[in-house]
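Below you'll find the structure I mean.
Per-chain numbering from 1; labels A, B, C and D assigned in written order.
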């Protein structure tokens, strides 16, 4: 845990953070709004104080109530992984600015995020499905997508066809969707 | 017919039947959805599409690449993934923490231990477990053996994609010895399922140690003999040198990690850059090269084999005594939280990002795989080269389709 | 017709067989009668057209011997590369797996002969035939042994290059007619490659022609008689090297097998072929290996000449003079030999006498066969020549297989660059140096 | 690369020629069986105790833990009542048929409790609704159902599994673990006797054991 780094982050991004800077083990976590993603990433990348040159990972998260996009960054200025969470995206139409202007290599990870969660990365030049077939209509990693054909384990209604949209037609009990506050 | 109302999928055999020509043009049967797709699927003067894969002999599995060619020169290419997609992340979210280990095993099937290591490490962070030191040493020992196996397979594939028949079999012999060794340690030849949350499954045994000792005495010699075939071969060197040059800045921007990044001169190795396990205690070098071409990537991996042999030697010398598993309850329910664990595998950064919601199943399980990232670079490096170079570049980046398609 | 058909159906199966044999016998008798009646005329016609007869016979024989040759080389390639790979290779069919290539041939015969939709069917069908015939016909001019060759043409070398160049037509036909882009790439690659390498291939031999003063392969072999230092390879080392490299490219062998690069363009021109049509391509490739090895041996390594002047031995005993003694000899020698060879077994070991006799008989047979072969080798000129020729040729076949087991493939631009930037100047240099040397030697020798 | 052109190729050819004569690495499989390490765990097997009876008591823990669902098992439940089965749904023919029916949208007869009396399950739904369909509150749910019916009908257990998504095996395991939960209607002396007859008491067991071992009766003095 790098306490110094936490103070630096708070000093630099203070008002922009939507939650406290959390630290656990070797990770530091900041939460920002989706609109601030481009600015924040640019600052983290360019600022000589931070120099986060390596984008270690980019992924989407469905918390059950809203969507998040999570960036993991590495820099030699700190001993921690930095986790940037773009928080509070709506589940109906999640939108977030693309990170491809800084890291063109994020393109496929964003395509994966689109494919699996339906998150629209604005500015990605090639945002189409990457794993699933192009005429597929559902988003498999969303929490309201249940694994098919395992009636004993699937909550509620038994089998749902994979070809269904991500809103199950007969999902009468939204409390069945797993949620997290983590 | 009722089916005509549906939009045809790209893989629908009816699409082929509809075309009266009898030749398959790999153009999707629907209007382009992105700029890039529109740009790619419009042909310029004298250009043609050629569909490579998913059954092409040298696409390392089931990758499909649509090449836009001008004569033999590649103008542009569009990799089409998903032929091996199993939804491992979803399966992991529906399995409990112990079951995840066997779900992630077949991701990169030539380096399974690394695929296990990063989720196990992430779960240990979630659970605040401390792993016994002997377990850490055994993990490093087994993982470095696996790294050598993976790199020697790379050597064979590289040569096979350039048309050499022999090295692939020699490297399989090399790999088979290591894999048999690991089988006596872990119980399986390929999908080891060996790392456990809080330790490893089973201590070192006599058979493993005797096999390892036997192999260590001749490993260096044997590997050097294999390399003598290729390293000085004019045809091989001339084909690889200056091909697919990835410079330092681009490599960082493309999120490249591992040997492919180090071949461009960036000494980024997570074992040193963000130390984990017992790597800070071990003495080894991070080989780098500045050229960034296919030959540099090849030679760098061969250097890494030598470093791995050093690490194995040190592990054997310093192996402490003690338990190999931490004391943990049978049913794991970590408190809610998030953990990220990245490790340095034979291809780059293998990482897992796990979110716990307090139940016995991970709430979200993100698996980051280096092959997926590196395959992206093929589209960057290949245009302007010949068809034959596509295979050389792809082989030198060393993607494993099991990891790419998750 | 119906009467005949009904009769035929009433017959039992042995009856049908006998009837068929009777009809066949009748026809053959009629043919023989015609032949006997017109024998004088036929012989005259044949005698007047002896070259044509010789050509037909030679072509048939050559066509027939290519099949076992290809089988042998395929087996050799499988086994040698396997051994180099630290594998065992074929070891199930036949002794040491030696019949595996034959079984492969049968398998190819039985597979479906498939023509893709959109392919240009006649061209698609004829392409393998063209390729196969082109490589087989080159064998016609190769002198296997003294007096054992199809045709002793005075332009044999030109004929050889012309026929060899015909291969590319077949490959191009296959590449074009398959209606497959991989095949097209393969066909075009082969066209570019073979045409480029024709030039250094031909030029590398021109120096040799200046030295030999003839284009007849037979004459060239005769020129190289004597000690092995008389072989042209010692007078034209650069020419021999260029010829070997260019011939490798001409035969599409590793490291120049871009035409059928399986890791790039998936077997190239042969992508769409299956069954026996693919088999023709496959055979043609190995016949080509044999042909270029044979030509290298003929041109540069003394052909059927032994590496040293072999002492001509005439057996003191002429079998024809023995008369009745020959019969006695034939009767006695096996018995005597068996007894003689069985004796050591019987004395030295504890085996039963019949076992010793059987072993003795086997050993005697081996010795007898060796003796007959040795006698043939010593006293029949063409047997010795054929043996030397095959020995040398298969050394080169081994070299090509060995190269395939070792080397990766070159790239198309490197391939063309090598031909035009290195091989062509080198062969020209070789030509000029040879010409100058001849002039100088002539001037000094003051002819 | 060396300065002499072609030297690298010649060296490589020398390497292959040397390997040509070296001993080969092939294992001739059908004649020479492969060398298996003692730790190899490629095969599943059931263990027997020293008396030769199966150690497996059909607790389904292995089948549940198996991530790829390759373990499929059936047997008599621990109370000796009825056959239980747990396994991947596609394994058996009837399961496949069932799956096809379900895909086609028709109702599927559940063979597991066809043999039992159909009962009114509205009480189960009420209890489940109270507890928010949460499988983690399994014990209160089961207690509630027992309060409603007096015992735990199999149909009710299946219903819990169907509605909450918890595995049937774990519900069954929980229900069979707690001694105050019962699977049969409470007061039925005939059936009680039948169960006792089926499962002999400890004393009877020991007496039988003594008889089998041929020694004097030790009944009453255990160990």
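The criterion applied here is as follows: contacts are C-beta pairs under 8 Å (C-beta built on N, C-alpha and C of every residue); 3 or more make two chains touch, one makes a residue touch a chain.
Predicted model, so just to flag it, every value in this text is computed and none were measured.
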| item | value |
| --- | --- |
| Pair of chains joined by the greatest number of C-beta pairs in contact | A-B |
| Chain closest to the middle, measuring from C-alpha centroids that were averaged per chain | B |
| Most widely separated chain from chain B, with each centre as the mean of CA atoms | C |
| Whole-Å gap separating chain A and chain D, where each centre is the average of the chain's CA atoms | 38 |
| Separation of mean Cα positions, chain C and chain B [Å, integer] | 47 |
| Between chain D and chain C, distance of the C-alpha-averaged centres to the nearest whole Å | 67 |
| Residues within chain A bordering two or more other chains | 153 |
| Set of chain B residues in contact with two or more other chains | 166, 170, 173, 229-230, 233, 235 |
| For chain D, residues that touch 2 or more chains besides their own | 9, 12, 15-16, 19, 25 |
| Touching residues on chain D, where the partner in the complex is chain C | 9, 12-13, 15-17, 19-20, 22, 24-26, 28 |
| For the chain B and chain C complex, residues of the former touching the latter | 21-23, 48, 50, 56-58, 72, 159-166, 169-170, 173, 229-230, 233, 235-236, 238-239, 386-389, 391 |
| Chain C to chain D touching residues, read off their complex | 80, 83-88, 91, 402-403, 405-407 |
| In the complex, chain D residues that touch chain B | 1-2, 5-9, 11-12, 15-16, 19, 25, 35, 37-42, 65, 67-68 |
| Contacting residues of chain B [partner chain A, same complex] | 6-11, 28, 30, 33-37, 81-82, 85, 87, 89-91, 93-94, 125, 252-257, 268, 273-274, 336-340, 342, 349, 351, 353, 355-359, 363-364, 366, 368, 372-373, 375-377, 405-406 |
